[in-house]
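The letters A, B, C, D and E name the chains in turn, as written, and every chain counts its residues from 1.
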Amino acid sequence: MQVKEEFKPTIVAFCCNWCSYAGADLSGTNRLQYPANVKIIRIPCSCRLNPMFILRAFQRGADGVILCGCHPGDCHYTTGNYYARRRMTLLFSMLDYLGIERERTRVEWVSAAEGAKFAATMNDFVETVTKLGENKRLEDLRCKSE
Amino acid sequence: MQKIGVFVCWCGSNIAATVDVQAVSDALAKEPGVVFSTNYQYMCSQAGQDMIQEKIREFGLTGVVVCSCSPRMHETTFRKTCEKAGLNPYMVEIANIREQCSWIHKDKETGTEKAIILGRAAIAKVQLNAPLTAGQSPVVKRALVIGGGIAGIQTALDIADAGFPVDIVETKPTIGGKMTQIDKTFPTLDCAACILTPKMVDAAQNENINILSYSEVEAVKGFVGNFSVTIRRKARFVDETKCTGCGLCTEKCPQKKVPNEFNLGLDNRRAIYIPFAQAVPKVATIDPNYCTMLKTGKCGVCSKVCTAGAIDYQQKDELIEREYGAIVAATGFNPISMDKFDEFAYSQSPDVVTSLEFERLMNAAGPTGGTLLRPSDGTHPHTLVFVQCVGSRCDGGEKGKPYCSKICCMYTAKHAMLTREKYPDTDVYVFYIDVRTPGKNFDEFYRRAVEEYGVHYIKGMVGKVVPENGKLKVQASDLLGGQQLHIDADMVVLAAAIEPDKSARPLATMLTASMDTNDFFTEAHPKLRPVESPTAGVFLSGACQGPKDIPETVAQAGAAASKVIGLLVKDHLTCNPCVASSNEMMCNGCSACEKVCPYGAITYIDKDFRGPNRTTLRRRVAQVNPAVCQGCGACTVACPSGAMDLKGFSNAQIMAEVDAICK
Amino acid sequence: MTYSYFPGCTLKTKGKDLDIWGRASMEALGVTLEELPQWQCCGAVYPQAKDEIAAKLSSVRALASARDLGQDLVTLCSACHHVIKRVNRDMAQDEYIRTRANNYLNLETPYTGETKVLHYLEVLRDAVGFDKLKEQVKKPLTGRKIGAYYGCLLLRPSKELEFDDPENPTIIEDFIRALGAEPVVYAMRNECCGGYTTLENKPYAARQAGKVLENAANCGAEEVITACPLCMYNLKENGGGRLPVRYFTELLAEALGVKEAEA
Amino acid sequence: MQERVKAKAIELLESGVCDRVLGWKAGEFFYDVTPAVFTSREEIEKEFVFGPFCGANMSKYLIAESRKEGKKVGAFLKPCDTYSFQQLQKEHRIWRENVYAVGVQCEGMCDIEALKAAGIKGILGAEGSGDTLTVHTLYGDKSVERKAVLAERCACCKSKKLLGCDEIVGEQGEELESARFEQVAKLEAMTPDERFAFWRGELSRCIRCNACRNVCPACSCEKCVFDNPNSGIENKAASNSFEENLFHIIRAFHVAGRCTDCGECSRVCPQHIPLHLLNRKFIKDINELYGEYQAGADMDTRPPLMNFQMDDPEPSVVHERGSDQ
Amino acid sequence: MSDMTEIVKRISGVNPRKCMKCGKCSGACPAYDEMDYHPHQFVDMVENGRLEELMNSRGIYMCLSCFACLERCPRSVEPSKLIEAVRLAVVRQQGKNHLNPEQIPELLDEELPQQAITSAFRKYRK
């Protein structure tokens, strides 16, 4: 297979409606750039993120998945991100255990005021995943068009 | 198949400068289900909205995707637009191509490509949207106020004035709370009783207010608009409807040695008592721990002297159950115990008192009739030492509280000033760490104490108090003077930290309201929703939410009342339709969802299902109360079988978005 | 009831009275105190700095040998109690100290704070019981007004010593009551006697001791008791002689009638 | 032991406490013992066995059995079965009042492969209690040390404690110090590439027979997400590596915090995939990150995934822990 | 000297930043009048790196180690540990022992318990 000249990873960012989605909006309002490969899916709370969604994203061709939610203690629903934190910690640990690159998944707490942090996080994450290259270990070849 | 219309907004040049809107609307037109696709300069303008409505009618659209600014901006706008055209408002999805696309990218090709993908994701989601109808739940037009101090009284009065019935539940025999024990109020020095007791009378006479004194909340069920509360009316052994409050029984009762809690044990009362002259309701109460008749069956003096025949030794606790639309917590505060601070010799000398005890010693209705006398020997004190921050601002060990109790600086200045004013022959020292006086006329008040009344304010702290030969030898640091001071004082007054009333924590559990580590109730938002608990329908009034002085308490009480009124004027509450729901065919009944629900919205029932061969299978299944559910989705992930799903953000919808983005 | 017993150096010399009457009384109460074999001086002061390990080793040895005997360790001198109890806590809770101390000592089984350290008074209160003690009193000290002097070392830091309320202790008062006498509570009972500063600054130590006795006397005490030889010295020699000072064990022996028998 | 257990089974039926009893019965081969429902003395006398191959965990069958009408169902539970039994009660799946639970002390179940590997040929049967096992072979009886032929899960048994039973046959046991996480730790110590290769090697053998799921007491959903066409991940047979991974990751995640580590998944896997190592990874992580937790050990503690501490480690802990590998 | 400040903080385990400058330590201290720098000043001066002045002060030998400051500190700063650490910083230096064995005989009296000498040695020399 030919190595593409410039690899542009597909990144799915799940953002909670109350903090991180607003934080993403804020980085837009402040015109803070981050790569277009990042696509945001709005969920009500970080605790809505089902591990199924993450695996689904990888299956369908994502190279990295990131979850952003309110900082612990600031959850709009008081406790949601605490549950999300445990779920994601365990899931990521399991993926790592299966030998799947641990840098492909990440959780970051971004408040509605942290537009700059959102952009910086996305830049950093895209850079990390770009270095890793294409997701090969959790891919579903049928879903890859090329 | 849905019939979807796509509307791409230019937002002037905000979007159109970096996104080729024509290319986007052309590309999205080819998506499955899309029957109409266009772009327009300002979709949120009246003309833009009119166009959407027109196209809904023209094409019989069943779903609308607007590619525009953030849904946080105009989702509601477009939902309303569509609703007016007869489309269910929840059939609208927004693709955020401004904040999350045009504004963060410079290259038009990139921006256009991304906008198309975001549009596809929204289309994929809307394919799976279902019309949602916001449910409604009725509102019981009655409020419950728990706690009858100034906070509870003010809240009740304001709610009652708006025409709604209110019950006040107060655990003591009278309402009035801590303020009844206070002598004068800072910074105006008006008498607390003079401003409080008229309000107590107002509350008693207001026909919308029902005072349940000597009562406690036993259980709370239900949810916003529909609480059901069990209240224990403790037996006071006096028929409230018959007692005239003449007080004869309280004079004749032979049991005279009962520590008087109203005066903080500084004097005694009888076993049958009325806490103080202006008590509301002015009804006697028998203290079962001391009454000889109740303990041994011999006595009956009060019954003999009562001309109204109100004494009833057989009275039992009574449980009543009532419905309320809203509940206000106003459980107030108490000074902390001084047990852990005996370096100040509180337990060793009666002349070391807390500030609240000092209030009683200065109060005309107090044990000394308002003359300041030493509790030990009844003599006039000449040297008084006030110690601030006793138990406040500690580092969170078992001793003391980590927070500032807020009111101590001001009441200490008040005490010092009043002492100097009444008794110019006294020397008054105040040991402080910081003097905190943020409030209207507060710092002026403190300065007056220093400048006009000659109170010695010393930055430093008392390290030891030694009672000896009728004096209190105070050893303290004077940090600015650079010396250790040794003062022979006659009285030492401790500004004890305040803490939430002990009843607050069990109450919070009953209300499923959250608390901080110090047992203060938590606000729904510390800045923007300071009088609401995160639990819908529960409101906070007064010091149960945090240390507060009287004006702040009254202000918050009024704010809580206005929130309650805002709730009670509604006949029905509209619920957020994006709530969880359980498919009972798949539900295991395992309680996983219930455990992670922050709102207690999930309950279980045993239900019979048809099994094979005409058998019946009984299964435990979850039920979501849509009026209580706030739609966070925690339960959906906790559920292993996938029985629990979230409307508006269903598993299928989110996965469709994932698919569209990763394609 | 059998305990390991750590007398400490002063109790073998200047503080004999504390030790002799302490042992005799426990014997009368049916409690056996077995002196630890080959104990060494605890060092008299607890080294507060984290890197002072060597100074803690003698205490660790005592603790480890009590552990090997499977007994709780009883101390009598306030200073020994203070040092050994705190070192024990370090060994249980501070990994830095535990590791280094064990490296030095190279014990067969490393010591990790297993031993329970008790003060003599705690044995009286919790194992014997003040009620039981009261029953055993042959010659109640009726009518005597006694001030308990705690000093610093028994009480502070309360988080570590967990002995009694550091500001309003009651254990010695309860003890005095059990002997049939009347305890006199005075606020200076938990203030310092002057401690080791007496060695090079006698007037300074004397001022401290003087304040303590002054307060005790002014509150109505006619005599004072203590559990510490250094407190004893300071109060007796530097305190201006306002009140007689005795070890609490001596009073105990007196009330139990063992003092006469011995004498 | 077998006789005591059988006697108890008969007693339960004849005293009228139960009208059926769950126990073990010999299958086609002596080591192929299967769970069975017994309703009469005759059946029990003839078919009931309890020996070194009665590994099957009875607790899952009680979900359905305890809901049936009639008298109580009797159930014989080994220590590890009782953990599942309690966990299922905690999840309101078993109706406790309809069960008469008899705890049976267990000396560890044996692995037929281990017996064969020990060089014994022509095996006809094996029995016995205590440290030594008598193996009947074509060539006469041989004795073998039980320890040498224990199933992996029994060699590192976590507990001999019988929980929440109405009655116990044999001695009550204790929780044990177990080395059950050693293999997980070994895998953790590998490089990601090695781990990937290892798991590919294992999981690629999966034939999706669903035996692991069907035997697992925690996998007792009314409808499994993999069987549900609306779940979005319905999948009857894995068609590629992704789907192989997906099934096992999701299965492990769904039982995380609920899996008692009974080891049935690995026992029944016809492909001998060490599936328990997935579940144990979660258990090990939970113990290390959130404090020791044993599913089924009690009825009150909140399961770790339905609980939190304000100062739980951040998910980045996974990266940090891994950095020294 | 800044290294020394760090050492003092480390071996004492005291974090001077926790101090809220209430002065209760100095209010509780029975040795206040004997000391040139007082407990609250120790905390403040260590925080501000003024260690040399403290090391030359006589206050470090006047502290009675009575733990009153430690017990009563509302912020758990525990000044006595800091004073001891400063004293150690001094006596650990070559020739800086505050008390020498040859001084002992003249300080002795009939009744003085061993405990006093041991304590003083532990406190005043290395």
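In this section, contacts are C-beta pairs under 8 Å (C-beta built on N, C-alpha and C of every residue); 3 or more make two chains touch, one makes a residue touch a chain.
Everything numeric in this text was worked out from a predicted model, so none of it was measured.
By the document's definition of touch, common neighbours of chain B and chain D comprise A. Ranked by distance of CA centroids from chain E, the top chain is D. Ranked by how far their CA centres sit from the centre of chain C, the chains are topped by A. Compare each chain's C-alpha centroid with the centroid of every protein C-alpha atom shown, and the nearest one belongs to B. Here A-B and B-C are compared, and the pair linked by more C-beta contacts is A-B.
Separating the centre of chain C from that of chain E, both taken as means of CA atoms, is a distance of 24 Å. Distance between chain centres (mean CA atoms), chain A to chain D: 36 Å. In terms of their C-alpha centroids, the spacing between chain A and chain C amounts to 63 Å. As a whole-number value, the distance joining the C-alpha centres of chain A and chain E reads 55 Å. Looking at chain E, one finds that residues 68 touch two or more other chains. The set of chain A residues that touch two or more partner chains comprises 51-52, 56, 79, 83, 87. Residues of chain C in contact with at least two other chains: 167, 191.
The set of touching chain pairs reads A-B, A-D, B-C, B-D, B-E, C-E, using the touch definition from the header. For chain B in complex with chain C, the touching residues are 339-343, 345, 347-348, 397, 464-469.
Looking at the complex, you find that chain E touches chain C at residues 10-13, 30-31, 34, 61-62, 64-68, 70-71, 78, 80-81, 84-85, 88, 99, 103, 107, 109, 111-120, 122-123.
Contact residues of chain B toward chain A in the complex are 70-72, 96, 98-101, 103-106, 110-111, 113-114, 117-118, 121, 514, 534, 578, 596, 598, 630-634, 636-638, 646, 649, 651, 654-655, 657-659, 661-663.
On the chain C side of its complex with chain E, the touching residues are 8-10, 13-15, 41, 43-45, 47-52, 55, 77, 79, 152, 155-158, 166-167, 191-192, 194-201, 204, 208, 229-230, 232-233, 236-237. Touching chain B in their complex are the following residues of chain E: 18, 20-29, 32-33, 38, 40, 68, 72, 74-76.
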